[in-house]
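Next come two complexes built around subunit A: one with subunit B, the other with subunit C.
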Partner chain A sequence: MHVMEGFLPTPWWQVWFAISIPVIAFGIYKMNKLVNEKREILPLLAVAGAFIFVLSSLKLPSVTGSCSHPTGTGVAAIIFGPAISAVLGVIVLLYQALFLAHGGLTTLGANVFSMGIVGPVVAYLVYKTGMKANLNFYLVVFLAATLGDWATYVTTSVELALAFPDPTGGFVTSFGRFATVFALTQVPLAIMEGAVTALLFKYVINVKSDVLVELKVVEESVVRKLRGLSS
Partner chain B sequence: MSRKLELIVLAIILVFAVQFVYMSSTTDAEYGGADGEAEGVIEELTGGTYVPIAEPFWEPPSGEIESLLFGLQAAIGAGIIGYFLGYYRAKNLYEGEVAYKGKNRDSETRS
Partner chain C sequence: MTNILDDYALMSPLRYRNNWLKLTIVAFGLLAGVSAYSPIPPFFIALCMSFATVFLGKTPFRFYLKLLLAPLGFAAVGVLIIAFFSGTGAELYSFRLASYPLTVRADGLELAMLVLARSISGMCCLYFLALTTPMIELFSVLKKSGLPGSVVELSMLIYRYIFVFLDMAVQIKFAQTVRLGYGNFKKSFRSFGMLGSTLFIRSWDQGEKLFVSMNSRCYDGKMTMFETRRPVKLPELLLTSAYFLSTLTLFYLTRGVSII
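Moving on, here comes the complex of A and B:
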């Protein structure tokens, strides 16, 4: 989903920065507040960030015959919400932009918008809706992480299509072409990401569910049920 | 402890792994990066006239160095996840043993 360095002309790279910076600023504010109030969440924050590190480094082959990587933002989005996920996303995207020539500094705003903001927002909303509908916790996590990952790649396609509309067909034709590259390739990877995210949540529930209850991610009764089933 | 979820996840990954092995041995798919393919689409859409407005100021000099840095990225992440999950697991286990000798607590923390 990385828009490569220099591949967004003016005014588009500025536009995505303008949208992303307030969210990142709000995320930093929220993160500081949360860490100051509840120091015990710090390890979980590190785990959520580390999960993004691992998953976004794995370039996996897809059914389309090309490779792409999952985003790993589902964990952070579900536990800490989209704003803090955006901050964690920035860290990973900076690492990749500086050391790997993946993405770039001018396209950082666009990449943060797709991976750090839209993906987590979708994951968060799917999670909240699914839990309200009383679906199985792991199924909801799976759906949230899968759709969040996929939404990230759809967003990248939109960003590129806006910057590079087709000369005859305009935005729609162009979006179709980028979506074929990104969104289609991503379908199996998104499913795998959802599955692995659900697995990570199983381990977090088993060892440190009290923090999740405290952050109102899950209710006590859900934890008891899950532990009852899995022990 | 039930391993149902692990088995489901493993099955999902296996399906795609088998598909990959089959397809990579029967077709000549290149498995290049989607990011690079997008660059090709941009080139076609603009008729090759687009000049990137910026260049990465440093690029890994070879594929080896690139995979080193990707490997490092994954290792840092995996280390942090493993450290904290292991820390919590042991903490629960030993706190449980000190505080309650009861069976219930013990089986819960071991799950």
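Moving on, here comes the complex of A and C:
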């Protein structure tokens, strides 16, 4: 969910930039290290970024009838981890602002924080814990993508509530209002995206699982078990 | 299916103007708009930028209007929340919705109008940049701005592959649609999952091919770029300074003015 250009007033858009920039710098540092080690990773990162952009520009089949685009960050976080997802997120969000008019330039910091940092971190943590707990792979992917999306939407509500606090109830009241109104579309949307992401991984495991094994996303044994069950 | 703003930027006559000048204009508009205390300067900025985009940049007017309406959904929801719930001043209008009182107060409405004006002016500035400057012109700017080389390179490659994959996605989607793949909710759900995964697998293949082809052309981790020199012309400079000065004057004059 993108915060629109010009929506955040003066102290707040700078604050979100200030919070996001160190994280992005760390992500770039990690990415440079990875690229120096394995040169073939850069083209793969590039196609992954383009994939996220294209996926997020497609319309999800939606129940509520609202305009709904998947964020695609869940996929990136599961495959590349949160640090690199953040770098990809910045580039993709910049392109979304310039090509599709989703989000904006002054609000880029806030959008990067919610969609490029918090969402992927939550998705990654959920994925890692779920896999450790030996849950079903598809269930874990579903949970990771859904919870990542919810985290994004809660963060966006926090950003808006901090910028426009209620005069009497302050931040908490205002947060409740933004969160309730956006929940109408975002809660079912996140569930949809989680399900689509799980389906996506199912097809990828069936056709090209070696990619996921190579990137250490899933273990060889898990793939074998999943394929044995599904075929 | 997807109309990317970049397509229009490639055709715009303003494409051949100095990139730094355009970026300065946009940065000025964004900053002035977002730090305004009255809806009037953002409104003025929006008008000027729209004029520049439509008349100087030759963007089709109807298309531009449609673009302006697109992000208003988010704006409307946010602005309504602000209008109804913030403010402590005099009541302007109130009604009850399921025994829950909703009240618009003067200062709440003022704030909502201000946020709406800021958003619209920001959108107009963003559209000016997006509709007159194709991304390929901005890469040299990105490189000069001191960003790490790997990030610039990554964004160039992403830019290139966005178009390849968009074509692919549109083709797959058409193929699925004519086979009634989006007939009902369950089918469209399945189709969408297949579309996503096919796209992922194909893009992965493409990435491996790209690495091989770049390596065989002696790729050593650097891509050089050519930047055309486009000096700023006097009329452009005059127009820009006139715009800056009038915005700043308006900014100063409307500091304490409220419109309600």
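Operating definition for what follows: the second predicted complex is superposed on the first by the 194 of 231 C-alpha atoms of A that agree within 3 Å, B and C clash if a C-alpha of one lies under 4 Å from a C-alpha of the other, contacts with A are read in each partner's own complex, and residues count from 1 in each chain.
Methods note: a residue touches a chain if its C-beta (ideal position, glycine included) is under 8 Å from a C-beta of that chain, and two chains touch if they have at least 3 such contacts.
The structure presented is a predicted model; accordingly, all values stated were derived computationally and were not measured.
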{"item": "Partner chain(s) touched by A:H102 [first = subunit B, second = subunit C, both, neither]", "value": "both"}
{"item": "Which of subunit B and subunit C A:R227 touches, first, second, both or neither", "value": "first"}
{"item": "Subunit B versus subunit C as contact partner of A:Y138, first or second or both or neither", "value": "first"}
{"item": "First, second, both or neither for A:S174, with subunit B first and subunit C second", "value": "both"}
{"item": "A:V47 touches, of subunit B and subunit C: first, second, both or neither?", "value": "both"}
{"item": "Subunit B versus subunit C as contact partner of A:V217, first or second or both or neither", "value": "neither"}
{"item": "Partner chain in contact with A:I191 - subunit B first, subunit C second, else both or neither", "value": "first"}
{"item": "Touched partner set for A:I28, first subunit B, second subunit C, both or neither", "value": "second"}
{"item": "Those residues of subunit A which subunit B touches in one complex and subunit C touches in the other", "value": "1-10, 13, 43-44, 46-47, 49-51, 53-55, 57-58, 60-61, 63, 67, 92, 95, 97-102, 104-106, 160, 164, 166-167, 174, 177-178, 181-182, 192, 195-196, 199-200, 202-204, 207-208"}
{"item": "Complex contacts: residues of subunit B adjacent to subunit A", "value": "1-2, 5-6, 8-9, 12-13, 16, 19-20, 23-24, 27, 29-35, 37-39, 41-42, 45-47, 50, 52-56, 58-60, 66, 69-71, 73-74, 76-81, 84-85, 87-89, 92, 107-108, 110-111"}
{"item": "Parts of subunit A lying in touch with subunit C, wherever the complex brings them together", "value": "1-10, 13, 28, 31-32, 35, 39-40, 42-51, 53-55, 57-58, 60-61, 63, 67, 75, 87-88, 91-92, 94-95, 97-102, 104-106, 160, 164, 166-168, 173-174, 177-178, 181-182, 192, 195-197, 199-204, 207-208, 211"}
{"item": "Contact footprint of subunit A on subunit C as seen in their complex", "value": "2, 4-6, 26, 30-31, 33-35, 42, 67, 70-71, 73-75, 77-78, 81-82, 85-88, 111, 115, 118-123, 125-127, 129-130, 135, 148, 150-151, 153-155, 157-162, 164-166, 169, 173, 182, 185, 188-190, 192-201, 203-204, 206-208, 210-211, 214-215, 221"}
{"item": "Partner subunit B, residues of subunit A touching it in the complex", "value": "1-10, 13, 43-44, 46-47, 49-61, 63, 65-68, 92, 95-102, 104-106, 138, 156, 160, 164-167, 174, 177-178, 181-182, 185-186, 188, 191-192, 195-196, 198-200, 202-204, 206-208, 227, 229-231"}
